[in-house]
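Following are the structures in question.
Two complexes are shown next, each including subunit A; its partner changes from subunit B in the first to subunit C in the second.
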Partner chain A sequence: MELLQLLFGGVANGCIYGLVALGFVLIYKASEGVNFAQGDMMMLGAFIALGFGNADQMGWPFFLAVPAAMACMFGVGWGIERVFVRRIFGQPQFALVILTIALGFVLRFVAGSIWGYTPLVLETPFSGVNFYFGGVVLGAADLVTILVTAVLTLLLWAFFAFTRVGLAAQAASQNQMAAYIVGVPVMRLNGLIWGLSGVVATVAGVLYATKGAIDPNIGLLGIKAFAAAVIGGMGSLPGALLGGLLIGIVEPLAGRYAPGEFAQMSPYIIMLVVLVTRPGGLFSQIQMKKV
Partner chain B sequence: MSLLKAEDIAVHFGGVKAVDGVSFEVEAGEVFAIIGPNGAGKSTIFNLISRIYPLTKGRIWFDGQEITGLRAHQIAPLGIARTFQNIELFDHSTVLQNLLMGRHTHRRTNFLQDILFLPKVRREEHLHRHRVEEVIEFLELEAYRNKMIAGLPYGVRKVVEIGRALALGPKLILLDEPASGLSVEESQEVAFWIEDMRREMGLTVLMVEHDMGLVTAVADRVLAVANGRPLAQGTPAEVQADPEVQAAYLGTTAEAAA
Partner chain C sequence: MRIVFKTTYDRDIDIHEHWGKRGAYLALLAVMAVLPFLVGEYYLAEATNTLIWSLAGMGLMVLVGHTGQVSLGHAAFLAIGAYTDAALMTAGVPFLVSFPLAGIAAGLFGALIAIPAVRMSGIYLAIATLAVFVIVEEMVILLSPITGGVGGIFAPTIEILGISFDRYAELANLYWLVLAVVVLVTWGYANLMRSPTGRSFLAVRDSEVSARALGINVTRTRALAFGLSSGVTGLAGALMGHYIGFFNYELFSIFISINLLLVVTIGGLGFIQGAFLGAILITAVPQAIAIFRDWANASLGVDLGGIPGLDTMIFSAVLIAFIIYEPAGLYGRWLKIRTWWELFPLARKDMFRRQKSYLKTERMR
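Up next is the complex of A and B:
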């Protein structure tokens, strides 16, 4: 029973890691680099939803506030690509790393100066609601997290597998030159993908906020999600999600059954083991980059 | 009115004049070849037409429309397809997927229709698949239809790239060294295909090629360039007889031998 309880909570947490990891992978595919501000985009998305939705702020209904926050973060992601990332196009990958680390600091400062650094709670219709199922407590927030993650993943999959734009994005991620030559506006697509990763980050942020208080530093969760993305094999969307789930499940189990600080270290230990045994990640799609 | 017209085009990278003062016109339905020693600027001319490099000087027209200011992705919808010397394919996709990607500019359905897979999407999909199958048959790629590009031999990948260009249904096809790295038999096959593209598909072909045998066999007219400058223009025989062209070729051969 205890094990089931741990597993359930682990899957729900893993979904959030997985969603942030999805954001990493989206941007890795579009801009061939890692967006280290992904966790901070999640944080900002959660705060914007809180700003729209909480009674002491703008007080919009929850189901209006969240889509509004998603729309805002689409704009933020799109704008980051348009204003910053596009200008360093063709520069070494390291440039994007430094750029996004700096952006992360800026986003944290922006959120801190608007909403302060004391933890705030996002008001949701399902906070504190629990279901009991054969001795296991199923938090409504956790159930919603799992459900939303499943739906969002399906939508993303359908988008990339079937739509004209999604297929073009896949093509561009495989070979930008070839994509241009068949008429794909690669730059415009990259903007769209950054926007999309802002939306995914917002969903992850809101789901995170359904479980507890948020402050401008929750973006540090991005480091764990980065480990999840690496475990899944940086270029794979299903891999990112599974990497997230793996970390989410192992963490509480390690906390319960292993000594001391092992739970804290477990994501990175898994990452190291995967990197040593399967350097390309579990769902390896990365090839040597052509020079 | 010629199909493609380049007027005094030039691109300078810093002090290097990769292409300088090149003008030519390609008539509809002809096979036009650009020849020249390595580093002469042949592929660079292609990259100017494809709008991958910005022009330093000059103007380009296609089908009566000036394309000098267009972006790289705006070229395909006009009906210009191309291949690359170093083969640019979607390596983690199948041959079929690569060719279908060539149909990208012809897809008219929107996001929602795609997701719901409406009858309209289905009809369009049939059309694209049909067009792509014609290309597969023409280039005899049947055996490779569902193979990943990454695992295919060089010669086949080269043909797939030509296939993707044909799938686009272009008016003009730019072939960048279609015979380089191919065996004699494969190269002869390419010559047949180029003939058929012109005769059966009514395409205009602009090619860059080293293989003078292939050029003589298929090209109506030839432009010779060296060091980014035009040397001579005319029929393959005329250009080959040009003393400047001979000097440029012998010169590089002598350098290579030294």
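Up next is the complex of A and C:
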């Protein structure tokens, strides 16, 4: 029973890691860049939802506040691409890594200046609601998390697999020049994808906030989500979700059955093992570079 | 405009193009050597700190600037160096033995990490080093009998041949020790970069495929660069431990890794001088901010101390500005200015224009 409980909590946590990882993968799939500020975008999304929704702030109803926050974060993501990322178009990959790390600090500073550094709680309709199922406690927040994650992953997968825009984004990531030549608006597409990843980050942030208090430093969760994305193989949406679930499940199990600091280290150990044995991740898309 | 006429190959690969440049560096070295007689305690301590940061910056520069591999976990090697040195000295090993051992320990650990890590490219390597950093940080807490765990550890006072290098009592001695280490490492580094090994680093950075085609063992080269880089960073860590005096795992946070990246990018990737310029910036800016804050408080009545995280914010803004407007960093900017003066009426705006490259993926499916 205890094991089942741990598993359930792990899956719900894993879904959040998976969602943040989805944000990484989105940007990676479209522009082969890695957005290290994804965790901080998640944090900002949660705070904007809190700013709209909480009674002592704007006091909008929850189901209005969340879409509003998503719209805001679409703007933030799009704006980051428009103002910063586009300027370093054509520079080596790690330029984007350093740029986004710095942007993460800026976002953290912005959130800290507006909402302060003390933890705040987002008011949601399903906080504190529990279902009892044969001795296992199922939190409504956890159930919602799992459901939303599943739906969102399916939607994004369908977006990349079937829609014209999604296919164009994939084409742009494989060969920008060739994509330009066949008429793909690469720049505009990148903006759209960054906006989209802002929306996914908001969803992840709101779901994270349903489980506890948030402060500007929760963005550090992004590092764990990163491990998830890598385990799945950076370019694969289902892989990212799976990686997130794996980390989410292993973490509480290691905390319960393994000694000391292992729970903290376990995501990274798994990641290193995966990287050593399968350098491209479990759903690898990288092959030997040819001339 | 001076025209350097090169008649031999040795002349071509000389570190300094002509005696004017060599003289400038010798003059700088002379000023640095007599610095303790020129400035007060406070500025001497800052200079020592800057030198230690330059050493760590050089460590990362080998990797990022000259071999083209990004590491987000170099604080781990600083930590390994600092803890190895402090633990060995506590056990009674003299500094002259424990200091190189600290470097070797960090270097070996780095090489050990590098063997799987170098198979990955770009972004994967960055993430793997981040993971290594987190694991090392937890290990430091786990190994509390050696490292003092959360509580921390004292770095014993250095003593060589009866001369004390105490951080507070004999700051000038410590400064000279650090300066000597930095000069030696810089000299070795500059010479390494004109040897076949150093040139193979550059070849691997510029194009892995063509380096392989030229017969360079890419894996070995990258692992070597990683080992060297972490070794030098380990040395810097050991010195940093002595400079701080008392430290625990929190000294080597993820922010230190990011600051190190800042040092090499703002300083100028691919230039040894860049590590020094970056280190000067990173140690001077917090002081400048503190001075400005006091001034704003006193004369304008604005309390900037009430805004937490302002320092990091300013650093981030500077970093973003550099990445967008001057990717070659401070030293790159200086090179442009110098070239402009050297060629005076003939310099053109397009001389330093970067070539745009378009992305081609390594994913095949």
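What we mean here is this: the second predicted complex is superposed on the first by the 286 of 291 C-alpha atoms of A that agree within 3 Å, B and C clash if a C-alpha of one lies under 4 Å from a C-alpha of the other, contacts with A are read in each partner's own complex, and residues count from 1 in each chain.
By definition in this document, a contact is a pair of C-beta atoms (placed from the backbone, for glycine too) under 8 Å apart; a residue touches a chain by one contact, two chains touch by 3 or more.
Keep in mind that this is a model prediction, so the values were computed, not measured.
Of the two partner chains, neither subunit B nor subunit C is touched by A:Gly135.
With both structures placed on the common chain, the touch criterion links A:Val165 to subunit B but leaves subunit C unconnected.
Once the two complexes are overlaid on the shared chain, A:Ser31 sits against subunit C while remaining clear of subunit B. Of the two partner chains placed by superposition, only subunit C is touched by A:Val276; subunit B is not. In the overlay built on the shared chain, the residue A:Leu103 is in contact with subunit C alone; subunit B does not reach it. Number of subunit A residues touched is higher for C, counting subunit B against subunit C.
Contact with subunit C, but none with subunit B, is seen for A:Gln264 once the two complexes are overlaid on the shared chain. Within the superposed three-chain model, A:Met177 lies in touch with subunit B and with subunit C [touch as defined at top]. When the two complexes are laid over each other on chain A, subunit A has residues 174-175, 177, 180, 285, 287 in contact with both subunit B and subunit C.
Chain contact summary for the complex, subunit C toward subunit A: residues 64, 68, 70, 72, 116-117, 119-120, 122-124, 126-128, 130-132, 134-135, 138, 141-142, 208-209, 213, 258, 261-262, 265, 307-310, 312-313, 315-317, 319-320, 323-324, 327, 354, 356-365. Here subunit A touches subunit C in the complex through residues 31-32, 34, 84, 87-95, 97-99, 101-103, 105-106, 108-109, 112-113, 117, 173-177, 180, 223, 226-227, 230, 234-235, 260-261, 264-265, 268-269, 271-272, 275-276, 279, 285-287, 289, 291, going by the rule given at the top.
For subunit B in complex with subunit A, the residues that touch the partner chain are 50, 52, 71-77, 81-82, 84, 88-93, 101-102, 104-105, 107, 109-111, 114-115, 117, 150, 164, 168. Residues 158-159, 162-168, 171, 174-175, 177-186, 285, 287 of subunit A touch subunit B in their complex.
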